[in-house]
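Note that the chains take the letters A, B and C in the order they are written out, and that residue 1 is the start of every chain.
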């Protein structure tokens, strides 16, 4: 692999990785606060894509508007899911919450099939993201530059909210000790709702970027990116928002590079994430994310 | 211990005998569609009961049955197909030796399916039981995905996305319900031994279980490997029931169906898993109408594929919110209970008459 | 060689030193108390001895074996049983099942032998059942054998936890605040129970307790720790009159 090819793959890897990263943020935020793997997160991302799709197609909105409205709607969807499905099981054993999350995931996927239809739909790619850049023998879509810029900007905004606002402080407190935070007079449910809204909005943004990159959408499109983003969140240390982005980048680069080096293994691309997850488990069982036996 | 032990044993044998008489009549007089549902019920009892052993009884929430069923299905299919058939269906790349020359009878193939899957489960257990809770769920889910991806790519073993076709339709109600009987016997006996009690102890409080000398890891492995064994044989029966297998058959969707069953039945209850396996299998068929076009007077509703799964996933969420313990909770069927009820009924009737 | 000895035990969690250079030896048959204010590191000592934490430094020897680094279930098998500060029974199981489980680690039948109810397993099951009944008899819970364990009142749950620990066949019994939450009558019964089981089973008892009346009555020797460090040791009378202890602990009460 010469330098040009390498740079080409590097750009691909970074743009894919930052998408995993932005989706992973939602996982990591919710897990940090509720200790719940929001299985439905990938499907929330899918919903974001469809909101944007229908915004452009049915209401003929300019794409900028459509995207923003889709992100807002997805944030609201996140709040509804929390209110309707997760809040009622918050006091129940953790397993119940996990099963609920799996149920919500399937509900969104199948409701998607019923409402949107199961077939692939072509996603509209605005001209702005549709030009090819040629640079010293490397060719890539200018989208590949926009994706990391946009995701890093969003990451910056989210970090600002978490570390510089009152709501963010409440989030950090809840992740430390929910009951005590409640006793301090913080409206815990409201903060959790905001967390879901933020995570879902980030997922929608990630999903729209995803659909711009791979402009075919269908109701099951969220499953694989969702699972991989989860692995990214674990890689970066779950609960750690910046880490999620780093985990995403590692994963994206690993996937792209492996396929570049060994094209014959490209069929295994979807297994890489889980391979990484399993290796972490074998060698750092408690280091990155294992829970110690309760005292 | 139980003064009615002998009586209950006799009742069980009678009930099983009656069950097989009914099966005989069923496969003789029912339509082939109805027999297929009956087969599915038997098969799903096996899968749900063995899945419940690790998830419900031992409390290790895991999401791998699709992987186990896939391994079992492929193992048995590759063994029952004749060398000539294999040579014919592997058109892109030829099948590797020794699979290319081996052919075994159905029962040997099924046993091999169980053993291979159990070995896989055993090895997998070393990796996955380093974690618990949500992580266990996601890692086992990951294994399921990896198995599917591998099945898609190991062209020389699985024939890749083309899958294996024209398997002999060996599976019938005797096989499906026979295996269900053996699985139920094994699991319900196991949970009543001290091994089973130790599994429950691990579920309720792992630290306390360790404090009374229970090796939690070993008991998780026992439950997991047992589960893999029966899921593997079940996979073999599935392959020879539908006679065509390909990687798309073994997605997380299969696991989701089993999950609904054990949740509806009550996590931890074998009885519940049996009841729910039948209810969900039969209910799924019953609900077929919601996906077909409906005409009510002048209103025409077009066909809506996916509607059944909407109903099932909604059911799962609602169960978690309103009826977390399912039909049976962690209780089990017992003859004593039945006999008590019958006596109560007799008493009531006599007093009234 | 001592029956049980802990030497230079230190436990650090990150920067926090929970236990610092803890030493103790126990002679066979003793009842020894470990006391100290909340957060002094008492339960951490127990968790190290019982195999829940691996000590950062130091060694623990028990009947000629070095046991630190071994897993909790292995240590139980070697003959150290424990109870927990917050009662941890297997709630949905019956009283007798809670005790029978403790015999499981000594079962020789394989799981298949058990499933198929081979004669060996049947004998073992009978032994488990009888053994559990005897122990329940001893702690006064025999009549409640078939009840669900979480339906028992608090004091009896404590007794059941002790019964469960006894059933593992220990030589050393670790009791973590056995009298917590008990009324004076229950506490008095507990004193009698602990002494009785010590005598019947040839146990050595090492216990943590806040109830001073209980400790003074039952312990032959005690050790006081504060902020992870030993501040005194001796007979109950000596401890009662120790300036540092009064200051650190008794003075507050």
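In this section, a contact is a pair of C-beta atoms (placed from the backbone, for glycine too) under 8 Å apart; a residue touches a chain by one contact, two chains touch by 3 or more.
Values in this document were obtained by computation on a predicted structure and should not be read as measured data.
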Chain closest to the assembly centre - both centres taken as Cα means = B
By CA centroid distance, what chain is farthest from chain B?
-> C
Round to the nearest whole Å and give the separation of the Cα centres of chain B and chain C.
-> 42
Length of the line joining the C-alpha centres of chain A and chain B, rounded to whole Å = 33
How far is the middle of chain A from the middle of chain C, if each middle is the mean of its Cα atoms, in Å?
-> 48
Where does chain B touch two or more other chains at once, residue-wise?
-> 207, 210
Could you check chain C for residues that touch two or more other chains and list them?
-> 52
Enumerate the residues of chain A that touch no fewer than two other chains.
-> 293, 295
Touching chain B in the complex, chain A uses residues 31, 35-37, 85, 88-89, 92, 94-100, 102-107, 109-111, 113-114, 118, 223, 227, 230-231, 234, 267-268, 270-271, 273-275, 277-278, 281-282, 285, 289-291, 293-295
Enumerate the contact residues on chain C facing chain B in the complex.
-> 50-52, 71-73, 76-77, 81-82, 84, 88-93, 97, 100-107, 111, 114-117, 121, 124-125, 128-129, 164-165, 167-168
Which residues of chain B touch chain C in the complex?
-> 1, 186, 189-190, 193-195, 197-198, 200-201, 204-205, 207-216, 222, 330
Could you pull out which chain B residues touch chain A in their complex?
-> 59, 61, 127-128, 130-135, 137-139, 141-143, 145-146, 149-150, 152-153, 206-207, 210, 252, 256, 259, 263, 267, 304-307, 309-310, 312-314, 316-317, 320-321, 324
